[in-house]
């Protein structure tokens, strides 16, 4: 009897197969017919795939059953502080540190006392061409939830 | 001789005057002709206002010269860990903890090795009506910067 | 021009007046016609009171306008690590540390992938008589929110 | 001579067997005739099972003697900070951070100076149907212990 | 309207009066007819005094009503990490770091799965003469509480 | 050439053998003719055993030479923060956080400026029958050391 | 008798006077005939000024004797973690986190086992025009010190 | 199917081969025709090498394909706190702690509100002969980026 | 009734008076007839002065009774992490981080299992002339204490 | 191709061989003709040995080539916080926490603004017989380095 392959090890195997076969995350998302950021996050271990999705990915990447079983597992979500200090990720944290209180003030002004859900929530990323250098545009889109007793 | 009023004290005076006069952050932004999130962040102490902007805000809010002087001061930017744990702000941090590695992977896939700038950068927030409950839509828009030696 | 009285100072004034007048939190909640835990948390600075509520409390306790203005302010929520180490509060944290992974597993088993909302959420506390010593019964009741893309 | 299988490895084997055999935590609790949250927490390594209980579970799941020996071991209890940041678990911590001081105040008001025991203590979880979305209802029920010299 | 004097300020006033009048903690405990460690801890802000006790102490030390009101207040208990690093206090923490796992093993061996209560609990300190140098003898005496569902 | 077996691995082997042979820590202490808490702490890796003691324990438990070599090794002492959060151990830490400043004050009052040694030091634990529930009695007994230049 | 004005308060007064009189740090350095980064760091409280230097600065800025006394005081050096998270300062820390191990390897390769002194050390900053955007050029120049027994 | 060799393991293999063959980092940089600090940092795992570069290095060092695959992988950048405390690296951090606020003030004075990029950025290290002991000269050269909305 | 002047405020007053009167720490130690490091540490708040010593120092420095009362107070000992990061102090910590395990090994080799007391302990500092630059020589001299049950 | 044996594993092999052959650190230092503390620290991984020294030690201890290669490797220096909490090491840290500010003040008084080098630095330990119990005498001897621009 063996434990289920940990999700970080499954993610490392997915990433290795993806790179060796010259596939993009976008192609994997297309293969699943699922949103791009969702697919990438799920394959990196932050969302459970449905069993059928997990099988389809493993078939496409030539990975065995043990990986599919892991991809379907319910995750413990979140990243370590060490991961969050990577410069590409840190810039988002820095922006939150600078603009977080302003976003809070404006959410309360527009919606009242509550939060933007991080669960009923989507993220999208796109490239916006710009003569001064193309831009990364990331959209956080979450349902407003009011403090409701 | 007195030191310049600290920016957090200036921000508290701006907020008090704003509330007592029934003004929204949006109205203050309109008064300055400046973007909404930028204005809110600046008045909360995260950006320096131009001298003329600082005077215009203080005049509108009936605040004295010392506040304007503080608003024009170059800030030390960022928020304390305690501020970042407020639930309305924390949801953004949690989303980054879940989606940060995926955003990093997709930035590298689309743009190559580099980052989204948090300096040549704007944030926007808007309300999107939705029959299942209106949504908070926050857009991070930063210039891509590639690691360039 | 003065800043708004910080909510922790307002809370200290409310508590002092409450104690000196021999009033319980339950009597203050009744006076507001609001739930007991909500009222206590709000007066301790974790929820904004409505203006009318704030005035009613201050009138009852003989506190001036500045306290009412503070009670109506939008809070930064949360408690410092030092507060969370008080033994009476720590027992709840310890229970979460012991039972948190089990609660997570059972939420996923019963509801699927998602969370109990801490926003669309109520807490209740009651005393249950027991011959072996009365018991503290605290109920957390939050809407299930599924991860929904 | 080998050391006893660590409880986290036993828990991973129990979880893998449970998933592969399509069993719920509730079915395992029924099989033991023990409370649901207790059983789940115990199988995840937070309580020792009795020898007979450990054998019955391992027989049901087809796990060998080494797992049963581990399940009966006295645990070191508690979860790492990383586990506590998972969103499903974090919502409970956030609720405590917001309502903890109020719960403390109300325990003292109703019972006097003391705590809710986290040892003479049960937790229950149930689903409450609600037209606005079903709710997670978690009840903490602990004996009051007064500071008694 | 003023807030109640914080308990650390009351403790500083008690200690100053005690020193200036040449009184020992033991004499104050005798004056109250209460145990020595309890009295000292309570006057330092870790336990609430009864109203009558608080008045008696303030009368003895020539402290005004505001101090008595503070001494009777329900405390937030615990000491900061900085306080715990004082060498005289640190030796106790070091001993726990060395002997804690052994004490845990022996409590489980003798009593079963449970804890020594820190609430239904007394501490005593005494001097034991010894030709090799007198000894500090501190006794922790707490009710055993078994994990009981 | 192999390194010496780490003391935590030796401790795990001792504990496994002890449990499988149905031996108590008290019986092992008797077998050594050494104090109970000392023996338990030493076997858990916090004190070096004498060579003869290490051999006698390994013979009794049927453990090989490598374990004896490890038990005789000079330890790095102390427990990780994670170990100290186990509820059975944490209660001692909490008691120190509440009573530590009082114990410091009383040591200074009785002995002058100095500390209780944690080196010239013994710990004892015993069960005291009590009609309201038996009690855990732990005695810390350390030589007073005065700050002496 | 008053304590010496803390160096952070003196720095705030220097900065306020400097801004109000429209002086640059460079002009103050010229006024002292001292290096630019040294002067700025010293006026911000990280180096003691000579008495004559302190007087000359205070005279220039119209600050009184108490400020000069503080500027000449030996500092406790270093910045808080909060200051180090300001984005303009953080970029230097990030660069060290990325290039620190490489710099260490190259120092050892070129000089042997040792360090770059941070005491026998100068820093310079200059603007280098560049058609793609001017550049900040910061030079760290420290004496090599070899581990020498 | 195997995961890609982690970059820290690839770095350890590169370093071992380099030392055993008596090669300097400078020789490896020459071999690649790339800057010295960049090459060292890249081989230590902080930058991805191009495929052709990775192959050329592995051929030179007699390392197999798996190392080349790892060297070309996109890194998570940054060093652990433990690495940053090594004395040779720490001196740079200490210098930033002392001079960081001055560098920030001077960047703002010379360039306006913004930062030195750590992405569009080069580092150089050289040895400067000096009769009092040769000096380590490290130059940070980054594009100025202004806060631009 | 006023609390006793905190020892850090007394230390600031002593230091200010000492500087303004051009006195060295060595002269103050001579004035007391006490060891140099002890006197300096005591005046900075780490040891209580005897009443007679406190009076003699305050008389010498022209400080009032309140300072003497504070100097005689029993201290909470130790320095904050921020103080310990000052470069002059940090070098000692770094040396301990490098040589601490070696000192431990050698203490055990020479003395057996135990420690160097930090209580029955003196520190001395002297300047040793050296043609390559004078040297700071600091001697830690503590009684060996063996673990003795 | 294998990486170089990590220095902590080499240190564990050296220590095992040393213990099994009944050798003291002093004998190993004599064998090298190197200072005692330096040798011990180097063999524990804090200094690189010269190739010839590494070979001589491995020959003496019967360790193979891989250990010698590791001993000659340039180290990352320093100890983890967990190591620094061992009581024998902690006493030194505690002494620094108590006497660090005094040592800083006295270094500045005697030498001016600067530090004791931890690089051009030796440590010595010796046993000083004393009728009240022998003493551990540790001498830190470092070159004074003045802040020199």
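In this document, chain identifiers A, B, C, D, E, F, G, H, I and J correspond to the written order of the chains, with residue numbering beginning at 1 in each.
In the analysis below, a residue touches a chain if its C-beta (ideal position, glycine included) is under 8 Å from a C-beta of that chain, and two chains touch if they have at least 3 such contacts.
Chain labels with UniProt names: A, B, C, D, E, F, G, H, I, J = Cyanate hydratase.
The model shown is predicted, which means the values in this text are computed figures rather than measured ones.
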Just to be sure I understand the contacts, which chains border both chain F (Cyanate hydratase) and chain D (Cyanate hydratase)? C, E
Equivalent interface to B-H, which of C-F, D-E or D-F, with over half of contact pairs matching by residue number? D-E
Rotational angle, Cα trace of chain C (Cyanate hydratase) fitted to chain F (Cyanate hydratase), multiple of 5°: 180
Centre to centre, using CA atoms, which chain is the farthest one from chain G (Cyanate hydratase)? D
Need the CA-centroid distance for the pair chain D (Cyanate hydratase) / chain H (Cyanate hydratase), whole Å please. 47
I'd like to verify one number: the distance from the centre of chain B (Cyanate hydratase) to the centre of chain F (Cyanate hydratase), where each centre is the average of its C-alpha atoms, in whole angstrom. 54
Shared-interface residues of chain A (Cyanate hydratase) (touching two or more other chains) are 77-78, 83, 85-88, 94, 97-98, 105, 108, 114-115, 117-121, 145
Contact pairs between chains, per stated definition: A-B, A-C, A-D, A-G, A-H, B-C, B-D, B-G, B-H, C-D, C-E, C-F, D-E, D-F, E-F, E-I, E-J, F-I, F-J, G-H, G-I, G-J, H-I, H-J, I-J
Note: in the complex, chain E (Cyanate hydratase) contacts chain C (Cyanate hydratase) through residues 1-4, 69, 73, 76-78, 80, 118-119
What does chain B (Cyanate hydratase) use to touch chain D (Cyanate hydratase) in their complex? 85, 87, 90, 94, 97-98
Chain F (Cyanate hydratase) to chain E (Cyanate hydratase) touching residues, read off their complex: 24-26, 36-37, 40-41, 44, 46, 77-79, 83-84, 86-89, 91-111, 114-118, 120-121, 123, 125, 127-128, 130, 132-145
Residue ranges of chain C (Cyanate hydratase) in contact with chain E (Cyanate hydratase) within the complex: 9, 12-13, 15-17, 19, 62-64, 82-83, 85-88
Going by the contact rule at the top, pick out the chain C (Cyanate hydratase) residues touching chain A (Cyanate hydratase) in the complex. 35, 38, 47-48, 74, 105, 108, 113-115, 117, 119-122, 145-149
